[in-house]
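Chains: A, B, C and D, in written order; residue numbering restarts at 1 for each.
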């Protein structure tokens, strides 16, 4: 049970917690945080498992770096969207609003090009 | 409109010429027609053609005076189609054209039956059509089996094949019933007494005179005569003929309308002819002689019945002696039916007696034939008297349009006089000529006297009770 | 590119191109549309005629290319395909003329004539198909191109009839696809070949082959309106008259029957199908359909519905004809493909005339129509008598051939079926003929339209006249070379190794 | 020469993305048209090159793996690149005419469009599992951006739902990749396959494959995980929803197919294959049933995508330890299904967009009278429907035929039911739209007639999809190009 395997199992633990949060929590920001938790869990697993075999290995380090960059980009986009969504509909969860205004609101994006 | 009216009598003329002039042996090959057409003429068909053409001619003349303008064009169309069907089936020698013309005559005949358009006419037409279609289908099935057995569609080759096939009884049953509907066999006769009174008089004259004979012709050309003698079929047909002759008369005497009485008289006459057919079937070696007698009988009956039917629509003249003369002229064809000496009926009756002698035929019911024939004669005469009685009761007095006069007169003349000059089928028994009539006058006369006495007695009782 | 390859493709292309061009035409250009329609129909007729002449001389027309690995798209003109292609070519020309007159001032004519020529293109494709797969391809195209014609009016009833039509035909198509795929899986690509492929097939395949045959017949039976699968036909009568005339007399119904002919003759082979005991089952179904169709027709009040049920029963004559193993019976069945087409299209033209000119849809409104429209009524009467099988018309020839064929093979019960169905035909056609000629007109016509001297517009009156002449000639001149009967005999001699 | 082609494939889209970011929508339109033409040329160049020399591995920029990005170019990849060129080009051209330049946020359409295109090319050509992850993320983010372009709350909600689902899916996939790397020490798919074949590294428990496939199935919206697709594709603008349905959804499926085909034999199991097939079958039935019940036209088309994706997943059971010929047949069937669905679905979405634009409402029953006054767009919608139904001579039919043959040959007859019944169900919802359009409402034509070329594009796509059946043979030959021995530079 080399210490690196310990990291891998910690990573898996983080993933499960993050997944639970992602599914259960309704508020969008909380879901986003849960998503970041899963992300770091996965990166931990990636690094931990690699070292388990034959000492430190540069490849997963590089990959994790790219992974982190991608995760940040995704989180940034999510935050922008959540803010815009809140600004438009005052909703902070993904729940469908009452039938009433949904009809008017989303003319499915087709506006008459007269 | 006048074209339709005056062209009616001209239509059968070419057929009449063909009947008179054509030699019996000619054949007309039409390979492209249907499944290989073949038309022609022979001894038997010549007489049938002669009768049909003559009768349609006479009825046509009568129709000129009889028809009013309502639906005249439609009547003309159906009259012509029925005529061509009737003539065509006589000359056709192959199954397809025979059956085609037969069907054409049947379906177009419906047009004549329902011409008046009354409810009674429609009902009669419906019965006529239903029975006719069933008959057609029976004929179709019969033809299919026969031509399949014969492996060809030429009519002449059917009888030997039918005689030899193992399903002979089925084929004969089908053909007998199929043509029997048209010929008015006892169980299949229901449409006849319904159709005749409703049809216009010239149509019913032709219907009874010529079209019924088509059924008879159907029998003669398809059933296996001369191949093998069939005593059991002979018996059946004798019974059917007897029931037809006597039953028809029994029903006929109680009818009120003259044309219905005549219809039953046709049924009874066809019964007699069925006896002849029975004889031909049973005694295969004498079928040629019997055929000749049948042809003669058909000719005689057609003309006599035609004139009777036409007379039923005549109105009697005012003057006393003209009235008596008219009565006599109307009665004579009726009496000729009953075989009065020196009339066509006598000749037919004598020929029939000679050829149906029990000695010549060796099937169980042969010896009853003479008895049946005399009973038939009596029955016929009773029906004629009944016709005259009902006609007298309802007759109108007044002038007849010229067309009617001419049509009726020509019918009566041809039945009484012209008959002797018409080409008579050869092979008739020789002792049926004028001379023989004197010698056997008594054998012809006594049934006539018996029937007349009977009629007179019943007439008196009816007058007293009224 | 010898002409051998060119002709079938050209025959197919004429109507395909015509439909594309007509779709592109704006609605108001009536003259041009009529011109294109008639031109395409005429050209196609010429091409089919040349092919018929070529085949009579024994030439061979075939074009094929590999569509999928192991799957070939084959167009082949042989005697059998020419029978159907010829029939559809001639009747398409007549129906186009009729349709131009019938839809005089109704909307959507571009759409109608576009799908109309598409439908005929697929019918020609069905006729010229060289193997089961190509047949299926055009078979399904036929379904798609006929749906818009059935729902052309856009009324609620038409849409419901269209829905029913689609459910029946697409399910049939799915079953057919299953059977073809299975067959293809078992024995690979099967071109249509005289005498079929399964003459001496080994024991193991008997089971699956029987099931496949049943599936094939079920799939084709939907369009051939065999009894349990006929529900869509009477309802599709709501379509305009030229549609029900062309579809139910020629295109759709015959495609099904033609498919069954191909399967029995050229995929299984009559002897193999008989050996597997399949033909007797098919014969029973066909016989039942004949009787059932006629009995149902008796009770119909609407004229076109009665004709629809009569079609159901008449098409099964063709199927019954296949099961009569003898050459004569089979030729009878085949020739009925043409005869029924001509007779039924005459009746539908007349029904359309009555509807268009006098507004008559029910049979009891027909009283006295004979006097008002003599020409149409004569055509109807002759068509009716032809259907009953009264000689000397075409119907009689079929019944005569099938009857004698059945007797030579010893299937006597077929004669009984023929007789009974003729009686039933008489029972439901003769009253109509009686009303035409002998009944007095009591009530005024529902919607009468006048066309001056003629009883109805020239466009509407000539097609039924022409088909009536064909009807009589097909019966009278049955023994001539190039008559339908003669051509059916040629097919039996060439294609069907009995 | 290959250098230019590869550079053109990956870098020009990125360059175009940046260029169009600087210009507004109107000028971006011209640049994009040029870009589309260039991309098409490059794709054809790649195809010509590959047919001449056969497939090859290409280390991008000369950097060797494992650090450098190694691209793998074989027949399948080339087919997908060509498909993208055609569909993305058509959607781009349609969008340029369809979208309203006045709206300010539409200026972000072109950059997102080009990022999407770049991501797609990365996924088709990528061989390294982690690079595939990066490509997937690039696609997802740009797709979410495109969906959000709708601008209303509904569009944003759909975009958010889509984003969360996509991110979750990617992470699961990444987890699987991480575990794989832990076991094999290599990230290149063909490398892992080689190790597995040579047997010096024993296979991993099936759970890793399950994880990866779960993530990819989430992004492909397979049946139980499809909740995010209909709102996203339904509400987005029609060129966007066409792109999404036709290509984006296929990217994750493409990766799953590659993984399964290369390593499925060892790492997958019979049960997993059958499960995926069963889920696919359920998707076909459930998707079609829901499509039949939708009121809105674009929702019908969206749910139809869910159904059609179900067919693709039949690939897994049909290629799991079956004979070579059957597996090839199944792959050909899958490829044809992907191509014909991409063409037909994009045609349908574009046609639906035109119809909604001219009818003014997005409900199905508002289409009354359309067949009379707008026959052309309705006809392209119809032709696309024919291909979806899988009726001959369409590409859909050819795909269904190959899948039928494969399932028959491999003895798994139950897929027949899915294929045939699915065809009927798709006929149900297509004909429902027909039925609505044939209803005769008014005689006057008060529809808005869109610009002629707007209607031509869906017709071209529909005809391509319809004609695909006839030219299936050459298309499949492109896919069958094998690796040349040299694996030249």
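By definition in this document, contacts are C-beta pairs under 8 Å (C-beta built on N, C-alpha and C of every residue); 3 or more make two chains touch, one makes a residue touch a chain.
Treat the numbers as computed from the prediction; the structure is a model and nothing was measured.
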Going only through chains that touch each other, how many steps at minimum separate subunit A from subunit C?
2
CA centroids of subunit A and subunit D: separation to the nearest Å works out as 24
Centre-to-centre distance between subunit C and subunit B (centres being mean Cα positions), rounded to whole Å
46
Which whole number of Å gives the spacing of the CA centres of subunit B and subunit D?
88
So that we know how the chains sit together, what is the shape of their touch graph: line, ring, star, complete or other?
line
Listed by label, touching pairs are A-D, B-C, C-D
Residues on subunit C engaged by subunit D in the complex (per definition of touch)
23, 66-69, 71, 73, 107-108, 110-111, 133, 136-137, 140-141, 143-144, 147-148, 151-155, 158-159, 162-163, 166, 170-171, 173-175, 177-178, 181-182, 184-185
Help me check something: in the complex, which residues belonging to subunit B touch subunit C?
31-36, 74, 96-97, 99-100, 103, 107, 111, 114, 117, 122, 125, 129, 133-134, 136-137, 140-141, 144-145, 147-148
For the subunit D and subunit A complex, residues of the former touching the latter
66-67, 98, 100, 130, 133-134, 137, 140-141, 144-145, 148-157, 159-161, 163-164, 167-168, 171, 174-175, 177-179, 181-182, 185, 187, 234-238, 296, 298, 353, 356-357, 360, 362, 448, 450
Looking at the complex, which residues from subunit D come into contact with subunit C?
329, 332, 371-372, 375, 379, 386, 389, 391-393, 397-398, 400-402, 404-405, 408-409, 416, 420-421, 423-424, 427, 431, 434-435, 438-440, 443, 469-470, 472-473, 476
Residues of subunit A touching subunit D in the complex
8, 15, 22, 28, 31, 35, 38-39, 42, 45-46, 49-50, 52-53, 57-60, 62-63, 66-67, 70, 73-74, 77-78, 81-82, 84-85, 88-89, 91, 94, 96-97, 102, 105-114
